[in-house]
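Once you scroll down, you'll see the structures, which are given as structure tokens.
Okay, so subunit A shows up in both of these, paired with subunit B first and subunit C after.
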Partner chain A sequence: MSGARPPALAALAAVVLAAGLALVLAIAAGRVQSVRVAAAEAEGRMAAALWEEAGGAQSGARAVGGLLGERATILGAGDGGDRAGAYAYEAGALDPAAWIAVEPHGADGLPGTLPGGALAIALAGAALVAGWAARRRRGPVSSRYPRGIALLSLGCVALAAAIAGRWADGELRSLSAATAARGAQAVELALAGGADPARAARVAHLPWAEDGALEATSEQWTMPAGVAAAIAASPDRAGQPAGAPYTVEADGATWHVAHAADVHLAFLGYERTASPALALAAAAALAALLVALALHLVQLAPRPRALRRMLAAWGLLAPAATLILAFTLGPLLFSLWISLHEWRLIDPAPLFLGLDNYAALLADGEWGSAIGNTALFTLHVPAAMAVALALALLTRGSRRAMRWARLALFLPGITSVAAIAVVWKWLLSDRYGLLNRGLERVGLDSVPWLTSPDTALVSLMMIGIWMVVGYQIVVFQAGLAAIPRDWYDAARVDGAGPWQRFRHVTLPGLRHTLFFVLVTSVIGSFQVFGLVYVMTEGGPLGATDVAVYHIYREAWEFLQFGNAAAMSWMLFAVVFAATWLHFRFLDTRRAHG
Partner chain B sequence: MADRAVAPRTARGLLLAAACLVMAAPFAWMALTSLMGQLEVFAGGGLLPRTPRWSNYPEALTVQPFGRYFLNSLVFATAVAAGQVATSTTAGYAFARLDFPGRDGLFMLFLSTMMVPAVVVLIPRFLMIEALGWIDTYQGLISTELVSVWGIFLMRQYFRTVPRELEDAARVDGAGRVRIFWSVALPLAKPAVATLGLFAFVDAWKNLLWPLLVTRSMEMRVVEVGIAAFHSTYEINWPYQMAAGVAAVLPIALLFLFTQRYFVRGIQLEGIR
Partner chain C sequence: MGLVTRAPQGVELRGVEKRYGEVVAVRALDLEVRPGELVVLVGPSGCGKSTLLRLIAGLIAPTAGEVWIGGRRVDDVEPGARDVSMVFQSYALYPHMTVAGNLGFGLRVRGTPRDEIERRVAEAAAALGLSDLLSRRPGQLSGGQRQRVALGRAMVRDPGVFLFDEPLSNLDAELRLRTRDEIAALHRRLGTTMIFVTHDQVEALSLGERVAVMDRGRLQQVGTPDEVYRRPRNLFVAGFVGSPPINCIPLARDEGGRLVGGPFALHAPAGLDRATLGVRPEDLSLAGGGDGGDPTGAGDFRAAVLRVEALGSEQRVHLDGPGDAAWVARAGPSLRVAPGDRVRISIAWERSHLFGPDGRREEMAPRPMNRPASP
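Let's turn to the complex of A and B:
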């Protein structure tokens, strides 16, 4: 079995490790670069506001030059958009429209600014693994797993990621401080130009407050109360000269603060809003996984058949595994992470809350009623199953007729939910709906199917039954056909009547089918959305507000992603518990015979 | 003969016919209303349109760009079906026929994701697609839907029923694993592939929530979202809405009519195992 060892494979581990380290460094450098551009954008905004405040092309250009010096270029109205590495902002609608292009900080020296330590570790790690691979090539063939080397590579990647993260953090901090300082400078220029403090403060486009308002924040100031209090309490406040940035801790984040005269400006640090920590951790994990895989392949190299089998297996699995990792397992963990935060799309950075979202949801009556409505709606599943089972039993054996009936039976379940919802809304419409017209024709009162909180959910359950019952009939017929005929004959010989045959032969024979249909239908029913979205929008008075619709509104109407993620995990827990209970129920039934 | 004749033949037929009638009635009413005049539906007349107003169809389908919606749905559902067939057959074959360390553990991990309600991964998927800049694009619509654990399971079960002897013969001839998969196992699995492809297509076609979230412009809307939006715009014009509804239901009904044995096979594979 000690066949030829492809020497190229031995170097694979080293190459993969080097690539992983390069990925980690590239992510850190890329994030810092994008924040440099964002900081230049912020400066461009300040310059444009200052230009407008100065009120005139001449004085405007002078003010912009005073703020940004050489880094700012003022362009004509036409040729603003396409400057590389710069940001263009349209200045005022009154003056001749002009664009201000700002050169980002440190755009030229990107490779030089990469952390030397991370580079050194990356090189040393790659050299070590390469050396090990080369030595193996000469040494005796061994199938021992190279744990030491694997751990070493892992350590290299983790260390490089940590150092790159620290470096990126430092860079982002200094960019944040520079932005705060630039804001203070812009305000100072505006004050020097004779603007009153409130107008001048707005030039910086940053949260601000005046000295006097720090202790008693009023709505007029845009600075969050917590930050104002932190600045008021900060020991740095008195000693700092105008325009020199310092930091305060407030609302669980670091704010960079600078002041001009008695206007204080605060800036939520880039190290929080654009932290590369998550991306770096993901990249490091990916790199470590790839290194372990490469080492495994190297270890298999002496056994070409095993190697080929392994490569074939992973080659075939790769597309599905990658997609499941990227779009199911990864998002699953991500959603758990989101649920621990106050995560609103409009916020610059999510705020870590721990389990607060969950605690709040436990006391949230609307969410509780959404879960209750979902559970009630789910009662249509056993009802539909009973109807379907009865119909399947009564029409048992009519195979020819079934072939013709299938389209009608299946169509409600497989076709467009939106179209179904619309036609049912028309059928159940209060005055002109077919059902109410029929009721009136035979002399009965019409029913407010979808417009009364008492009936709306029941109406939806009716439609739910109509949608699944045909499909269930077909499934049950298939299940019935699979029950051996001998069982019935044996039961008949034992003198069992129709009921007893149903109870002791049909039901046990269908047990798997029933269980399967129950579990899948319940899981499906917990996720009902289309009917509610089109027909009732959760109304009237929240009577049909089901879980998924509630989550949809929480996330995409109120933009409370953290809260919505916590809701979805609670729904998951309920579905999981329901399935688990079914299993348990089934097991005990089996245990008791 | 066992419990075959619970009910006499004609009674069985009548019962089935009655069930079918209940199932089909809403669709029939949809078709009838789609041919009525806009005010006729409120007049409370008979069930049949006085004179069939066929122009409802061209009118309803052009006041909003339904042609574009249908094209989008077709692209979306076809791409999803093709992708799910590709990922499910490859992974299903690996799980059914290849030995590698961690196979059963990985399969259980995949299966366990079937328990996860789609809504749990909805928010992170949306944030990922948004971060990629794929909102309102085909790749944003399609990329998350390209794999189906049910499909992998289905294909694995099917490949396990393929006799090993056929593969062994190919191996004696010197074919590699991937080669055997492509030229021996896959052709034998055509019925299962057809079933999987159809289910994937239909499920994608009737997916409302995901397209609702990741499409913004009218040019990217799919039929499901189009019908829902049409409903809120033309709230009381029932004939137009029903015409659009018929147009949305018809393709799937026709598809089912011509391929129903694959659907039934899928249901049987699902229900009993």
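Let's turn to the complex of A and C:
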């Protein structure tokens, strides 16, 4: 329409394109960098372990020094000397783990590979040409031009993603091979320094081989039998000089392997397992979003008022949307991704397992009992609701005493769970607790409130009731206040007594409130953690091991993040199903408006 | 119909008073409602009429005085045991029950056998044209239908006394008229005692066999609609009842012993120094348009026409006078006047009222003196 538009449009498209490309490259580079850092850290741990194994002897130090010199250049931070040594020492204090490089097949199966990208560009070009042609014939066609630009941009971004992915793959592959070679070299150096070969390997947590047979386990890692067999049978193994890396295809992945000459020690160099596919897909999605946004802006450009309004709207949305993306949606998707992998946080890269985590959980008795404990614990919700409703009815009205009573009842709900748990832990203590002292004083037997598997969960349920009642009272009272007085008056004139008024007026009048409290309290109950964490730590004998606590331990004590993420999603499924059932069978809102 | 089998009950209030702290909602009030009578409690909002109804229902307890229903003192009797039923302004229908459930609620909580509940619900529904709606819920009904369900719920119980708390005020104008007629018909048919609260004086006059006018917690007058309209006991009743309201002008005794105000000079009854003259709009007659001669009749006056409301069957003529007042006259449809015209107005003095300084109506009708006061 206006003559100034095509140049402005082109500039905008260029900006969007540049941004998309930069983003893709940055993500790929970041991925490579993070793997490099992880590799360096693992090497540091290995070096420290070997150093200790060599008893700090000269040769051990040399082995370490040799490695650390390399590492220093990799990290690009300081060179050798004290700083690297200190790092290795610190790293050695960590619990060393086995490391292994796995390159899943089909890792670079992103749709945006080279041919895909080319096809996209061709399509975009064709669309653009068609747009131009249409414009020539039928005068200015405002919608086709931006559409063509968008397609072209998308194609370019996809191509860039593919190229970046290739580059990252190549980088990581060579890095992996180099690491494998250095690993073998390091073990040889350690051996030359007098270290016992079996121990050297074990301390370094390397699967090692002697007399041609690979030992497939280390302290913390079990090599898949298929991989061990494949390495043992590899024709490359015999022909390779010591320290020269080679690859073995096994178990659906590429394993980078090197071995030391004198002892038949196989060292498995590690490599990225996470293909940049996910990052690239995210980048492509983001780029598509940017392009769509740009397109929208272009379409709105001739209408400044609409444009201003849209910009204002997005400006106002941006802070909240950013927070949601960064702290809600992002972690959510990340946990879903983790749940498909084995990942121990200290692993350089997660191992893709597909749905294995979920399958294993279905057969996991401890997880099953954690879910069962959680369900049992949730039975405190109906009890709490009955208590809360009774108290809400008793403490109605605006008299001063009632107001104080309500305040007192509400206090537990706004007190820190940790504080509550600590206080109750004292109160319920077997020998010194106030409760048991009281029982003894009146001549009764003391009760092992938190120390017997029979009573611990019930004790927690009672505390759960005490904590949640105040909040429920407040909600119930709001619901009660919303019941028209006329309903009660009409019922009284009709001859309904107090119980009948409760049964026929109060309860039906509260049904939405009851439903709301039930759903929110059940969800809250499924998420119980603080009480268990502080008071029982899941014990005794796992009697109070509830789902979220189980997940916490799986992640932060056993470092099974993949497993823990899978559990989280299963818990989510359970809560979702429970809520859906509530809505399906208890929600009466649809019945009458 | 067979709906009502029991005799209607009378209601009597003796010195009933209701205080909320300092606030007196109803003060020392006596009222007798005869069995089978339809009495309308009417008054401006806040006059205590709804409080009075709730006192009768037993929803609130009187601070002093006695409530008698059917010859039984019921001050300490629960509402459900007073043999009354009540229709609320909000209808107070239970949204979670069907129409049938709402109608039968009062019987159900009393443990009435199921088949009898069904029979009586069906009868009431048939009487009110609700038979097709029995399985609906209140949320699915129109305002008029809900109103009928509320009525039916009161009928089903077959009470000695019906109480209505502004049951028509949530209906639109047309439906209100129709429902008013239906309630009147219902009363004729059932013959039950009914006490009906409203703030609408037209509704009160059209519906009530007797009308009780309340203001500020006191009964101002109890009487037939005709009595209340034609012989208001005081200025408040005169002003509250009637639409457009009664025309007033203040009068004061002059040296000549006359009550004068505006163009009027009246014979002063003994002991009356100040008074208010009240004339209903229909008691003013306008003599022709134009500027005819001087007023001829005693007490006639002249005023300019400000505005004319032509309502079809009648006209309301807004006058710039007498004196500083602005009266409204009701005239037939054939009168031809226009804003700006000066008209001569004569008053039907025998139907007019003189109110003393305390608002009480003088028994004697005002009498104009032959000589008009100076303008």
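One rule holds in what follows: the second predicted complex is superposed on the first by the 357 of 593 C-alpha atoms of A that agree within 3 Å, B and C clash if a C-alpha of one lies under 4 Å from a C-alpha of the other, contacts with A are read in each partner's own complex, and residues count from 1 in each chain.
Throughout what follows, a contact is a pair of C-beta atoms (placed from the backbone, for glycine too) under 8 Å apart; a residue touches a chain by one contact, two chains touch by 3 or more.
Keep in mind that this is a model prediction, so the values were computed, not measured.
Partners subunit B and subunit C fit side by side in the overlay (superposition on subunit A).
In the superposition on chain A, A:A320 contacts subunit B only, with no contact to subunit C. In the superposition on chain A, no contact is made by A:F583 with either subunit B or subunit C.
In the superposition on chain A, contact of A:F558 is made with neither subunit B nor subunit C.
Contacts of A:L329 after superposition on the shared chain: subunit B is touched, whereas subunit C is not.
Put simply, more of the residues of subunit A are touched by B, taking subunit B and subunit C as the two choices. In the superposition on chain A, A:H504 contacts subunit C only, with no contact to subunit B.
In the superposition on chain A, A:D494 makes contact with subunit C only, while subunit B stays out of contact range. Superposition on chain A places subunit B within reach of subunit C only down to 5 Å, the least C-alpha distance between them. Once the two complexes are overlaid on chain A, the subunit A residues touched by subunit B in the first and by subunit C in the second are 489, 492. The touching residues of subunit C, when paired with subunit A in their complex, are 54, 57-59, 78-81, 84-86, 88-92, 94-97, 105-106, 109-110, 137-140, 153, 157, 163. Across the complex, subunit A is touched by residues 2-7, 9, 12-13, 15-17, 19-24, 26-27, 29-30, 33, 41-42, 44, 86-88, 90-91, 93-95, 98-100, 103, 106, 109-110, 113, 115-128, 143-144, 146-147, 149, 152, 176-178, 181, 202, 205-206, 208-209, 212-213, 223-225, 227-228, 231, 238, 241-242, 244-246, 248-249, 252-253, 256-257, 260, 263-264, 267-268, 270-273 of subunit B. Interface of subunit A with subunit B (complex): residues 308-310, 312-317, 319-321, 323-324, 327-332, 334-335, 338, 391, 393-398, 401-402, 405-412, 414-427, 432, 434, 437, 466, 469-471, 473-476, 478-479, 482, 485, 488-489, 492, 498, 501, 506, 512-513, 516-517, 520, 523, 526-527, 529-530, 533-534, 547-548, 551-552, 555-556, 561, 564-565, 568-569, 571-572, 575-576, 579.
Looking at the complex, you find that subunit A touches subunit C at residues 484, 486-487, 489-497, 500, 504-505, 508, 511, 588, 591-593.
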